[in-house]
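Below, each structure is written out as structure tokens.
Next, two complexes with subunit A in common: one pairs it with subunit B, the other with subunit C.
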Partner chain A sequence: MLFAAGAIALAALPYAGVPPFTITLLTEAFIFAIWAMSLDLLVGYTGLVTFGHAAAFGLGSYAAGYFAREVTADFFAALLVAEAIVVGLAVTIGFVVTRVSGVAFAIISLAIAQVLFQIAIAWRPVTEGMDGLVGVPLPKIAGFTIDAGAEFYLLTIATLVLVYLGLSRLVASSFGRTLQAIRTNEERAAAIGINVRLHKWIAFTVSWGVAGIGGTLMVFMKAGTTPMSLHWSESGNVLVMAIFGGVGTLFGPMIGAVAFVFLRDEFTTRFEAWQLAFGLVFVVVVLAFPSGLAGIFARAWRALWPTRS
Partner chain B sequence: MADALVVEELSKSFGALRAVDGVGFAVKDGDVHSLIGPNGAGKTTVFNCISGFLRPAEGRVLLRGEDVTAWPPHRLIPAGLARTFQITKVFGDLTVLENVALAARSRLGQNLRMWRRASKVTSANVEALEILEMLGLAENASANADHLAHGDKRILEIAIALALRPRLLMLDEPTAGMSAGETEHIGKLVRRIAARTSVLLVEHDMEMVLGISDQVTVMTQGRVIASGTPDAISRDTNVQDAYLGALDARNL
Partner chain C sequence: MDLNFLFVSMLNGVVYGAFLLLTSLGLSLVFGLGRVVNFAHGALYALGGYALLAVIRGAGVGYWPALLLAPLLVVPIAIAIERTTIHPIRHRSDIYTLLVTFGISFVIIGAIEYVWGTGTTLLKPPQPFVSTVDIFGNQYPLYRLVAAGVSLLVSAGVFAVIQLTPVGLRIRAITDDPGMAEALGVNTKWLLTLVFGCAAGLAAFAGALGAPIFAIHPEMGMSILLDSFLAVILGGLGNLPGSAIGAFVVALTKSIGGGYIADWSTAVLFGVVAIALIFRPTGVFGRGRVA
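Here is the complex of A and B:
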């Protein structure tokens, strides 16, 4: 109920006099929220920390953007193509990378993202190198063009809601609980008959697939993308969003992404070294509340409604 | 009927150390069978080779006549084999009930169900609660497993394994770090469990082993030196020299 009311209130913002610039920021924040939640499935629920999650997002952007420009701007067609490519690659590399865990997994995932980054620079006929993919048209749904601004914002919110509900359901399912068992104690999980590698492989693939949805929205929003979308610093940003918000909650990474986008906007207009300012906020929040912004919210909630927890 | 478990000529080395050297024994259906020996005798290595956590270099493991040598755990469990760990490995940040329900759902083939809420898999929850009641942990069902006392965590280990409805339950030193009173309690639980499943017990506590076992196999330095009833084992001079003597000397 609370969630539905929140979603409706957010959807009404463009029609309640909120300036277009804020709507643009919110759109970007909600796209990042989808990406950060996809990361949470790996980091917070399965216990696989990745330094290369930009790979899934950036690849989704390139695939959807190229298809939309060259073939058709239909949103669902572009999304389908992007998902086929992202999920296809995730199944393939996931089979290999989920054989390892811990630091080895983090480093291999970083290496894979860097390989894609280099391909995006070098494969000029398709990716146009460092210049990046440009001229991606506005998306169409059932023949109608989705305008930038309020309409695209609504499309993003609708997608975010579906992704959030889907992932919430997934983590509460038997499968989701077995992921949490693997995160807590991998050896014990194996000893109750959980096929640990198969579960990690599926979680990896789902996580990439969801990140690809975010990447698709982003390439339409920005009308293009560059190799920087695959850069390791982007993988770092999404980890910061998730940890800042509180991993293992889905809700946390979502608000972490929103906080990240708005704080970044605030700090870049004031400081030359905005990362320094944001880093300070990040460190203070994470030290004071190891469970992130979601932990602060949960505590405030319990303080307000002591009987309901 | 085939024996619950047969181990034949099992060997495993770590570098130059031959930790297990041609070990063989059989667990009869319905028995509590104990594997004992001084520290470093290779008991835990044997245990890990049987339960799929280590790959034996040589030898065979037969579960009810079926060759299951080097099967991974997720295949051994449907085949009827479950184990506990010497070092407590419960799922600390999940509730006690969820610890056991996870295992029950795993046995029910629910692991890959991605839509139905886990909390709605009633049969698993009911079964988990039943097991907790049998083992006396029911009042802690909704507590986080981390918050249990050490002795209760050891019992939760057994509860998790029981939810897999094994036909052979392997217990790795269930009384490690327990007081004498708790050890006696575990001993009684093991006898009660034996009504449901055969038990292979790796144990240090000699008194408990002799009290509750149907059969005992004694290992030292990677080899079996004796196998038989508790009575026969306590009279065996080899065992007295190699193991009981060592224990007595330590106790002096």
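Here is the complex of A and C:
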């Protein structure tokens, strides 16, 4: 109920006098929220920290953007093509990278994302190199063009809600609980007969698939993309969002993504030192509040109403 | 393609490899000792370049004394960083140090941009190495060769310290078996602090030494950080001779491959490293630690 009310309230914002610039920031924040939630399935629920999650997002952007420009601007067609490519690659990559975990997984995923980044630079006939993909048209749904601004914002919210509902089902299912068992203790999970590698493989694929949805929305929002969308610093950014917000919950990464976008906007317009300030906050969060903003809110909530569990 | 082009590419590769060697040794040592994957290594490299600028402009000294002073300024900063952020979370899983050093990298680069701005500074090669030398008809900048030579000498010094001194013996003991080393009375925690500081000093030295070649800007450490990772992984994490070979493999692949297949060479390099790490997590030479 609370969730539905919240979603409706957010959807009403463009019609309640909220300035277009804020709506643009919110759209970006909600796209990042989808991406950060997909990352959390790996980091928070399965215990696999990846430094290459930009690969899934950026690849989704390139695939959807290229298809929309060359074939048809239909949103669902572009999404389907992007998903086919992202999920197809995730199945292949996931099969090999799930052999390892911990630091090795983090670095291998980084290396794989950098391969895609370099390909995006080198494969000029398709990706247009460093210039990036430009001229992606506005998306169409059932023949109607989704305008930038309020209409696209609504599309983003609808996608976010669907992704959230789907992922919350998934993490509450027996599959999701198994993932958490693997995160807590991989050896023990294997000892009681869980096929650890298969579960990691599926989680990896789902995570990439969801990130690809975010990438598809992003390429339509920005009307294009550049190789930087695949760069490891982007992978770092989404990791910052998820951890800042609080991994192991779905709300945490959403809060983290919104906080990230708005803080970045605030810091870069008011102070010179966006990286400095955000880096400090991030270090403090990792050191002192491993459960992130969501954890701080939960603690404050319990302190205010101790009787409610 | 013509042989001369290949030769110059190789020469550039060797020069870059000498720099990678300095940064890779530090990364590899810190990982071997404390299983700390230091994402801030590139930022410390950049800090070395800026420390050099600050000393030259602030103290009014020439390039050479500044080159010696700059790393000495970075070492205490790095030690402070280790004591305040990495030391307190040593008991947590390895992945936390990776996240914290990533955040620290943000902080250092942000601080650099705040203090010195986001611009690029080009430094002239220092006296008396401003000229070029003639190698088989190519005019090659003399300073590059000198800097590569200095890098190799310093790296040899690091190897000597690790192999021949009592401190080096303790470092090797911890890399082999931290539990046993500690049981025998080696203070692993302080040694990690010390080595982290010295590794940062090496990175800073490389940043300062490379300033007249690669230019100084806040993000200058990012690509060398990734290349050092590649080198260290190829050689096997914590395996110093492996890292040394890895550094030259990465540098030569980039410079020679870059001349023939342009940006594809780096894609191939990352692909090879990913595959190597999956199937030989102990490095190509099989002597490193499993990450």
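We adopt the following convention: the second predicted complex is superposed on the first by the 298 of 309 C-alpha atoms of A that agree within 3 Å, B and C clash if a C-alpha of one lies under 4 Å from a C-alpha of the other, contacts with A are read in each partner's own complex, and residues count from 1 in each chain.
By our rule, a residue touches a chain if its C-beta (ideal position, glycine included) is under 8 Å from a C-beta of that chain, and two chains touch if they have at least 3 such contacts.
On a predicted model such as this, the values are computed, not experimentally measured, just so you know.
Of the two partner chains placed by superposition, A:A303 touches none, neither subunit B nor subunit C.
Of the two partner chains placed by superposition, A:L2 touches none, neither subunit B nor subunit C. Of the two partner chains placed by superposition, only subunit C is touched by A:L239; subunit B is not.
In the superposed pair of complexes, A:H199 makes contact with subunit B only, with no contact to subunit C.
Contacts of A:S173 after superposition: subunit B is touched, whereas subunit C is not reached. Of the two partner chains placed by the overlay, neither subunit B nor subunit C lies in contact with A:A16. Put simply, more of the residues of subunit A are touched by C, taking subunit B and subunit C as the two choices. In the superposition on chain A, A:A142 makes contact with neither subunit B nor subunit C.
Listing the residues of subunit A that touch subunit C in their complex gives 49, 51, 96-97, 99-100, 102-104, 106-108, 110-112, 114-115, 118-119, 121-122, 129, 232-233, 236, 239-240, 243, 272-280, 282-283, 286-287, 290.
Residues of subunit C touching subunit A in their complex: 35, 37, 85, 88-89, 93-96, 98-100, 102-111, 113-114, 222, 226, 229-230, 233, 262-264, 266-267, 270-271, 273-274, 277-278, 281, 290-291.
Interface residues of subunit B facing subunit A in the complex, by the touch rule stated above, are 51, 53, 72-74, 77-78, 82-83, 85, 89-94, 98, 102-103, 105-107, 110-119, 121, 160-161, 163-164. Touching subunit B in their complex are the following residues of subunit A: 169-170, 172-178, 180-181, 184-185, 187-188, 190-196, 198-199, 202.
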